[in-house]
Amino acid sequence: MLKIGVVGGTGYTGVELLRLIALHPQAELACITSRSEKGLAVSDLFPNLRGHIDIAFSDPADAPLKDCNLVFFATPNGIAMQHAVELLDAGVKLVDLAADFRLKDEALWTDWYKDASRTGKHACPQLLEQAVYGLPEVNREQIKTAQLVANPGCYPTAVQLAFLPLIEAGIVDVSRLIADAKSGVSGAGRGANVGALLAESSESMKAYAVAGHRHLPEIKQGLQNAHGAEVGLTFVPHLTPMIRGIHATCYAELTSNSDLQSLFAERYKNEPFVDVLPAGAHPETRSVKGVNTCRIAVHQPQGANTVVILSVIDNLVKGAAGQAIHNMNLMCGLDETLGLNAVALMP
Amino acid sequence: MLKIGVVGGTGYTGVELLRLIALHPQAELACITSRSEKGLAVSDLFPNLRGHIDIAFSDPADAPLKDCNLVFFATPNGIAMQHAVELLDAGVKLVDLAADFRLKDEALWTDWYKDASRTGKHACPQLLEQAVYGLPEVNREQIKTAQLVANPGCYPTAVQLAFLPLIEAGIVDVSRLIADAKSGVSGAGRGANVGALLAESSESMKAYAVAGHRHLPEIKQGLQNAHGAEVGLTFVPHLTPMIRGIHATCYAELTSNSDLQSLFAERYKNEPFVDVLPAGAHPETRSVKGVNTCRIAVHQPQGANTVVILSVIDNLVKGAAGQAIHNMNLMCGLDETLGLNAVALMP
Amino acid sequence: MLKIGVVGGTGYTGVELLRLIALHPQAELACITSRSEKGLAVSDLFPNLRGHIDIAFSDPADAPLKDCNLVFFATPNGIAMQHAVELLDAGVKLVDLAADFRLKDEALWTDWYKDASRTGKHACPQLLEQAVYGLPEVNREQIKTAQLVANPGCYPTAVQLAFLPLIEAGIVDVSRLIADAKSGVSGAGRGANVGALLAESSESMKAYAVAGHRHLPEIKQGLQNAHGAEVGLTFVPHLTPMIRGIHATCYAELTSNSDLQSLFAERYKNEPFVDVLPAGAHPETRSVKGVNTCRIAVHQPQGANTVVILSVIDNLVKGAAGQAIHNMNLMCGLDETLGLNAVALMP
Amino acid sequence: MLKIGVVGGTGYTGVELLRLIALHPQAELACITSRSEKGLAVSDLFPNLRGHIDIAFSDPADAPLKDCNLVFFATPNGIAMQHAVELLDAGVKLVDLAADFRLKDEALWTDWYKDASRTGKHACPQLLEQAVYGLPEVNREQIKTAQLVANPGCYPTAVQLAFLPLIEAGIVDVSRLIADAKSGVSGAGRGANVGALLAESSESMKAYAVAGHRHLPEIKQGLQNAHGAEVGLTFVPHLTPMIRGIHATCYAELTSNSDLQSLFAERYKNEPFVDVLPAGAHPETRSVKGVNTCRIAVHQPQGANTVVILSVIDNLVKGAAGQAIHNMNLMCGLDETLGLNAVALMP
């Protein structure tokens, strides 16, 4: 039985992680820390966990994190990097669900995330190279031996899985990729902000951060790794009036013909958490509500050159906590699907 | 491994039942029948079941229901009663998720349900007495030996669990009970009707069937069994703009003082699926989304005589498919919580 | 053309008031004050007002409120009472949309609202008697000559209009009234609080403040005025997953028989903003979305003694800003329906 | 006072048209026809119209449509074309809110709409040329003198207004335009279909009709008229969990530099119903809920060549009934904004 620590865990990624740990047959929650909620029973904050999680939040200063086999950081950006060295030195495996270790290029990290650091600098840039980007469909083997995994962002998971087969096959114009992504509001987190109130965000749709969203460099990094050179990407996220779910609609220009359906089916045939739908299908985000699956459909409307890929995930599962558990399973030598076999709640 | 048959199963109760069967360690779906969908893969109708349920709907005429250990009827009212005798004679256990066997009094059934029968009469009134009303918190022992179980309605589950401790203790005026219940629209079923369209039922709240809802006689029957005599009940259901969940707010006048919190805690202390919340709490329906738990809180506002009980369930789980699985577990000698240990999805 | 001032106005009551003023043929917005937003164009905060309201928020210290014919306080509790004397002395008419002047009994105000005052005391108790409670269906004539009107709360409007015909007719047991009320989350205001996030409050239903809500004494005061003596009321508010709307389901025991439908029709036949529905009807909150109407239906289920009244309003219109405009029309000698003839948005 | 007839009117476009007619100072509803609902009071079907519309649905056979100044067809595709000749010959002006007269090319109509005709053929192809496409921002002068106006589709309104300034200026590659559009479910109509149930379509997002949607040829026709030659367009509509609103996110490649903000501001500076937002803005669909305005923002992310235009409308107002009233005003010589000055309901 793995002893698991969670740092943070008062947000939506955190409660989802706790739900998955509570149901995992080979993992048990040893401690969970929160400065703001220390002493509070976890199930008082999250009543769905009553009867499943019996411990309280600990003070970060006292928590026996070093005794854990693996620690998840379900914290805001900038926290994991302050504690990683000490825990890694103690032999603990780490999965950061925030963005401290996702970007390989320190300068790029500084461009997009310097506000997350009091000094404006990354706390341990020497770990950026060592950290493995935890997208199992790309890095499964490295994850298995990694001590430090950077869990991908929600949009990057949905968008990369949509584009990868095309880019790896070299059949699209990589200079003009477009990802139009729609996310439920849980993606904005559990912080109290006016824009995420039901009275503000339900019954409405809007784009945001069109000038530049932090997930843009992360997606580009992944696509460039696949392509082996620079790519051009326009990424427009939208706030959608629902709790969970990301629907990425991705557009690319074909440069040569191919059987797209077979290409996608082949690329993901051994992937337990990617489901390529039959030709002509339109995946719904609700078909993955609460589960770790990405469902994908590929279209070539009117036989023209523009290929349209539809990719849906649950932003809190395949886009966060579920993928983190998947990474944990891989890092700890377990069956990679353990604890992740739920069926989506529908309706 | 139990061989399970499902008759019907194209509605919301059906898909929820399939979800729970797919995850149950001791049950496997042997066949599922639907006249309208025969030949269609189940997972084509319900994409959340892709990778979990691999069979197609069978023609009811051909399905090997008699070879099953237990058959669930997830059909409209009036269907189970037409097939019950034949299957019971073949030694199959039955759970009807509709209302054919809930009322013990044939005349009462006729008053409220005659439209469900072409003849206007119950097809097998001789079974009404034998059928066990499947509310485990009341009838656990009878359910264990029953061959035919009438799974309770959704409102009746939430309302009875709220009132039972008070009525059993004999401390309320049973002539003036009020149950104000709010249900998500999945309670209206998966049939195409204008009133359940998102554009009609979201962003709105309304009462319905104030003159008399079919769950009224079922609730009264249960409360009268507990009281041993006639009770007076006003029951007002409301359509609430959400998919799942029932919130019953129940009102009764105290006739003698009592420690209400202890009364409820004691009544349900051994019940795996009833969670009595601490004094002062307000349960949310989302805290039971997807799970078989009923959460209850009891209040006595301003110390006056009116007691207010708040009771929440997921109408499709504790109010339908989950309770049916609970009954199956009991009828088949399994651990009663098997396959029902999920954690509610939150947010 | 009336010169109108608004104090506050950055919340939902405020923006709704601005919408109604923008459309009113005899009122123009002279100034609007907000300490936190001074200098900001109103339409930058509320984009629906682009092209309709061209002014910016002023500093409260500088705003020419004394030059206005009428000033609305769309502020939190405890603000209007600090400025009322000065403005009244200057001859300005005032409508407070908060609760500073709703309760006639200073001690009762202190019991429920003392937290709204730094001193724990009401700032001008001498005005409590002079202030007119602005429910036109009860106090129309006094409102016409009032200089200070206390605009009713949202729940109190829906609940009083439901109970008044019965209490005035003296045909119910006033010792045991029950009001089970359901409100959209805009009732919680535009403040950033976790409980009102879409991810927390959509797809869920819950009661709150069962032990005692601030609208309880206000409702009781109104019902007691109608009855001429003490009444007993249990009031349970619920948070409903929608933006706007209140549905009050009210229960009372009949003490003598009466033609309830005629009673209600007669009571409200001259009321422009109360619509008594035909017998058997179930009003939906969406039928009053954006308009100043209260729709009511009265039921006597199974002919028993319990009468059930269903009453729906838009909490931001008839429950706040619309009723405030209605009061303004009455106070200023205008046709009372002026600017309030909109049709509800449906769907 | 104009005498107005409405054919159909039992759907969402119909009730919205009735709402706008009820509030219009120069138009009165003379008759409304519906085969299925004849004899029913309009306000019994649509309770928001109680007190505003007092007539009942007439039998189409009897209705005095020829006595009207103008008749709206708020019917399914294929109906208006069967009655147009007769009414035009009688001197009545017509606005068809369906698609019978939108496409100029009869063959194109047949390709996309032949299912709407029993014969598979258009009933009056001779009128296709004469009919004016009712997008006032393009065809204002022709509309003023038209007897027959084809009211644009909802998606085509939002998408054309987004692309027109760029195409008219000749600064984008018209061979690779992309329109990713998100619509509320009222766009699917008031028909009872399972996919539009709240329990199916809320808490979910999906694309649909990626292979080809009927609005594609209509949008292309409009863009080609502006460009003077063929354009290439990929159009992907999405079903969004809200009642009203369309958000079109449109992508094009710049072929030369330009001050995009000025271009859009200039193009629409005299348009009463197009609001170009300041640079950097993100319009929300709720900012136009219930009103006839299209709000547009233009972005050039990271200064790259891809321009992103965000365009929001209320699909039932600017995308249907409001634009129809706008056309009526123009056709009948009224101030074009008459009856269309409402403020969006927010929140």
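Chains: A, B, C and D, in written order; residue numbering restarts at 1 for each.
What we mean here is this: a contact is a pair of C-beta atoms (placed from the backbone, for glycine too) under 8 Å apart; a residue touches a chain by one contact, two chains touch by 3 or more.
For clarity, every value in this text was computed on a predicted model and none was experimentally measured.
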Chain whose Cα centroid lies at the greatest distance from that of subunit C
A
Looking at A-C and B-C, which pair shares more C-beta contacts?
B-C
Separation of the C-alpha centres, subunit B versus subunit C, in whole Å, is 39
Report the inter-chain centroid distance for subunit A and subunit C in whole angstrom, where each centroid is the mean of the CA atoms.
45
Would you please write down the residue numbers of subunit D that are in contact with two or more other chains?
12, 186, 190, 199-200, 202-203, 241-244, 283-284, 286, 289, 347
Note which residues of subunit D are touching subunit C in the complex, please.
12, 15, 19, 22-23, 46-52, 186, 190, 203, 243-244, 275, 283-284, 286-291, 293, 295, 341-347
Using the touch definition up top, name the residues of subunit C that touch subunit A in the complex.
12, 184-186, 188, 190-194, 196-203, 241-243
In their shared complex, subunit B is touched by residues of subunit C numbered 176, 178, 180, 182, 184, 199-200, 202-208, 210-212, 232, 234-236, 238, 240-245, 247, 249, 251, 253, 280, 282-286, 289, 299, 301-302, 304, 306, 308, 310, 312, 347
